[in-house]
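Presented below are the structures under discussion, each in the form of structure tokens.
Each of the two complexes below includes chain A, the first together with chain B, the second together with chain C.
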Partner chain A sequence: MTALWLAITVWLAAWALNVRLAGSGIAQTRLGRILVPLIFGVTVLVLWEGLVRGLNVAPVILPAPSAIAAKIATSLPVLWQDFAQTILKGAIPGFLIGAGAAFLTAIAVDRSPFLQRGLLPIGNFVAALPIVGLAPILVMWFGFDWQSKAAVVVVMVFFPLLVNIVAGLQASDRMQRDLMATWGASYWQSLLKLRLPAAMPFVFNGLKIASTLALIGAIVAEFFGSPVYGMGFRISTEVGRLGLDMVWAEIAVAALAGSVLYGLISLIERWVTFWHPSQRH
Partner chain B sequence: MSRALPVVTVLAGIVAIWYAAAVWMNATWAFDQAERAGQTVTWAEVIPQTMDQARPLLPPPHQVGAELWKGLFGQAVTSKRSLVYHAFVTFKGTMTGFGLGIVVGVLLAVAIVRFRVMDMSVMPWAIISQTIPIVALAPMIITLSSQLGLTGRDIPKAVIAAYLSFFPVLVSMVKGLRSPDQMQLDLLRTYGASDAQTFLKLRLPASMPYFFASLKVAVAASLVGTIVGELPTGAIEGLGARMLIGSQFGEPLIMWASLFAAAILAGILILVVGLIERIAGRRMGVRA
Partner chain C sequence: MKDTVSQPVIEAKGLNLVFQTADGPVQALKDVNLTINQGDFVSFIGPSGCGKTTFLRCIAALEHPTGGTLIVNGMTPDEARQKRAYGYVFQAAGLYPWRTIAGNIRLPLEIMGFPKAEQDQRIERVLELVELKGFGKKFPWQLSGGMQQRASIARALAFDADILLMDEPFGALDEIVRDRLNEEVLKLWARTGKTIGFVTHSIPEAVYLSTKIVVMSPRPGRITDVIDSPLPKERPLDIRDSREFIEIAHRVREGLRAGHHDD
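And then the complex of A and B:
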């Protein structure tokens, strides 16, 4: 029980510290903005560890963070193999192909307002559908290896991205387009120099949504058949064997991969859309 | 009419592409059959054969439509083969998760707007939580809840659905509760309003348009979560479980029919939430 009380004390102390930090001048600085959530995250881990140790929770219900960390440290090669199969071969190629296809489709229908008016409501509707349901069908078509995972990801990211890009291409003002017209800009010039840059905030919004969908698609597709490695495969088999520390290790890798992908897209966004009000601090 | 025409045109285009793809994908099987029988067949003979196979690679639209019709209206709605029955199971899971997601999202948003320390420590983690592929947790949530003595699949499904649907509500509510501008806040202060009064009479009403806008996203996310919760977990009821059964028994028609049933359910849910949004908006004096 002492472990539990110790953890609760640490948690209360850290929370009090956070309250003080948030109220003080440090909260305005960049350091404070990173420090406060970091302290919160660490205290959650401490509390978790204390709960598991103090209440003697069985590892088949909830392993302690220290046990998960130990598992990660001892099974790095397996984790890397799964990561390479699911993320590098399944999610990322699928993400790139899907994004490319959505982009080309958006440009292709750009000249026809008629097609756009037809495509936008349908795209919006399809983007809200549970497309993951296609996973078993695509696994049947493309086999068990990474090709089927990439195909699921392509279908999942295509519609949210298409809708965002089409909406983005309409985002420039009438005034700005008139200005391009008075300068005698051709369709392609005005597309490249005005409308595409103006669409970028929408595009990145879509890419961020799609990055999460890509990971979900790649992992779920593996539940329907995969080679004997891959994150989805490992999770479903380890759950069957009650090896929950390995499951949590895979989840930690998935969370890390998801956050890095999201962070990477945000970084590129800051670089491309530096002119947008939301990026100017 | 001018709005329906483009949509109908695009839909017709999709159906046309679908038929072409069905002929192309199913033709291989038809050619194989003919070759095994030692015959040569022409395309003109193959095309009708691609339209009504029992286990097509890609069923053409009319076959899916027929299977869907059979599933929806072919038997009593209480039958285990009825898609209405399975859709209702999924609908229940969706609503539980949706309700849970709304409660969690709104409560967190209120705490985040009220306490600066919550804003600084919880908000970044709420964003990170959405980059975690929740489906990775699905099999584990199910073992976990059965270890804790919770039988049945409703709770794990609802947890997954709530996890996906709380986020849009949280983000919109934070934005909405902060939407009153300084002038309005100052006015309430000159009235001598307490914090609770400012919250109830200004912030909460001001956040309602944001709240309803987020519900449409949240209900779709909740449905996705429920179906994902049914897919890999050996559930026997619900649209996700139907898809799984179709996949395991090699019955593509069942898979496609339940996929479209899920699409119809999604459409109905979004329509209903949109309707509630419009009614609530009118009651609160939003001009249409």
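And then the complex of A and C:
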């Protein structure tokens, strides 16, 4: 029980500290912006640890953070192999291929009113298909290895991106397009110099949504067949063996990978769309 | 072409434009006849819906008349657009936020394929012309509304078209800024000798700037009066208190009122 009381004391103390920090001038500084969420995160871990130990929660229900950390430390080679298989070979290539295809299709749709009316409704239909139905089929088509996972990711990211890019290409206002017309600009000049830059805030919105979809797709697709490694494979088999600490270790890796990918896209976004009101600081 | 001063640059004969809308056809322009000569400063004035902006857009080939003929520089408006015969200034500056002021002015020059060295030279010159020297590296959102509009005028001047079309360019600015920019536009016109088409709904602005004032009225959009201004080319701001100025302003106001009684 002491662990529980200790955890609750730490929690209350950290809470009080954070309230004072957030109210003071430190919160406005660079240090404060990192410190406040950091204290919060550490508090959650301490409370979690204390609750699990103090209440004797079974490891199958919820392992303590220390147990998960120990598991991560002892299974680094396995985690790396799974990460390489699922993220580096499945999610990221799928994401890039899907994004590239969406981009080219968006320009084709933009040029052709027929595609605009015909393809987009079908796109919405395909986007509504559940991944658990699609994944087994794609595994049948492309085999157990990473190719089928990349294919699932392509299908998952393609339509959200397509819809965002097509919307983005309409985002320039009429006056700006009229200006291009008065200068006698060609379709491609107007696309490159006006409509693509104006579309970028939409494109990055799509990319951010797609980055989380890519991770989900690559992991879930492995539930339907994979070689004997990969994050999805590990999660489904370790659940069967009640190795919940390993499942949590994989979740930690997935969360980290997802955050890094998202952060990277946000960073590029800030650089590309510095001019957009949402990015001006 | 340019040796005679009063060469017609824009000629409209029996111009009609009918928009097909959800509520049925709308006659935006009805039987418009107008000749604009080389070096004229022509203002179009009238209440909203009188077709003044539509007429300007027809000259720029942004709208296409459904009847009559319209000749710009001896060509159809579409050909004139392809030949980059005019610069167009809209009500809002419409600068691209991802480009600096200099970058925005460079844009039409890039599209028209001017060599890099000449682009720089031209940007330098027009920035000076609109008194924005030293602001080339700023982004549009870092400047005031008046400065943004000056930059958009610089952009329209950069490629040195003979015709400058301005659609209520100062409509969104306060009166003090507007007065200053009006003076600057006049100076610019005197220095460059361009033909200017200027849409406004301000009577003093129209009278102060123009050599020719075209009064229009709505439903259907048509010309009710064309006034050739007797004011001298040199116009200090206080000319607006002179008797001649007030007389012209009076005639414009009468024209506008007459148009309204017709409904």
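Everything below uses one rule, namely that the second predicted complex is superposed on the first by the 263 of 281 C-alpha atoms of A that agree within 3 Å, B and C clash if a C-alpha of one lies under 4 Å from a C-alpha of the other, contacts with A are read in each partner's own complex, and residues count from 1 in each chain.
The definition used in the following text is that contacts are C-beta pairs under 8 Å (C-beta built on N, C-alpha and C of every residue); 3 or more make two chains touch, one makes a residue touch a chain.
Here the structure is a predicted model, which means the values were calculated and not measured.
Shared-chain residue A:Leu129: touches chain B; no touch with chain C. By the touch criterion defined above, A:Trp275 lies against chain C but remains apart from chain B after alignment on the C-alpha atoms of chain A. Legend: residue contacts after superposition of the two complexes on their common chain; A:Met231 is shown touching chain B, with no touch to chain C. Of the two partner chains, chain B is the only one touched by A:Ala255; chain C is not.
The partner that reaches more residues of chain A, of the two candidates chain B and chain C, is B. Against chain A, in their complex, chain C makes its touches with residues 60-62, 81-84, 86-88, 90, 92, 94, 96-98, 107-108, 110-112, 139, 141, 159. Contacts from chain B toward chain A in the complex involve residues 3, 5-11, 14, 57, 116-117, 119-125, 128, 130-137, 139-140, 143-144, 147-148, 217, 220, 223-224, 227-228, 231-232, 239-240, 243-244, 246-247, 250, 252, 255-256, 258-259, 262-263, 266-267, 270. Contact residues on chain A toward chain B in their complex (touch as defined above): 15, 18-19, 21-23, 27, 32-33, 36-37, 39-41, 58, 60-62, 114-119, 121-122, 125, 128-130, 132-137, 139-141, 211-212, 215-216, 219-220, 223-224, 231-232, 235-236, 239, 242, 244, 247-248, 250-251, 254-255, 258-259, 261-262. The part of chain A that touches chain C in the complex is made up of residues 173, 175-176, 178-185, 189, 193-194, 197-198, 273-276, 280.
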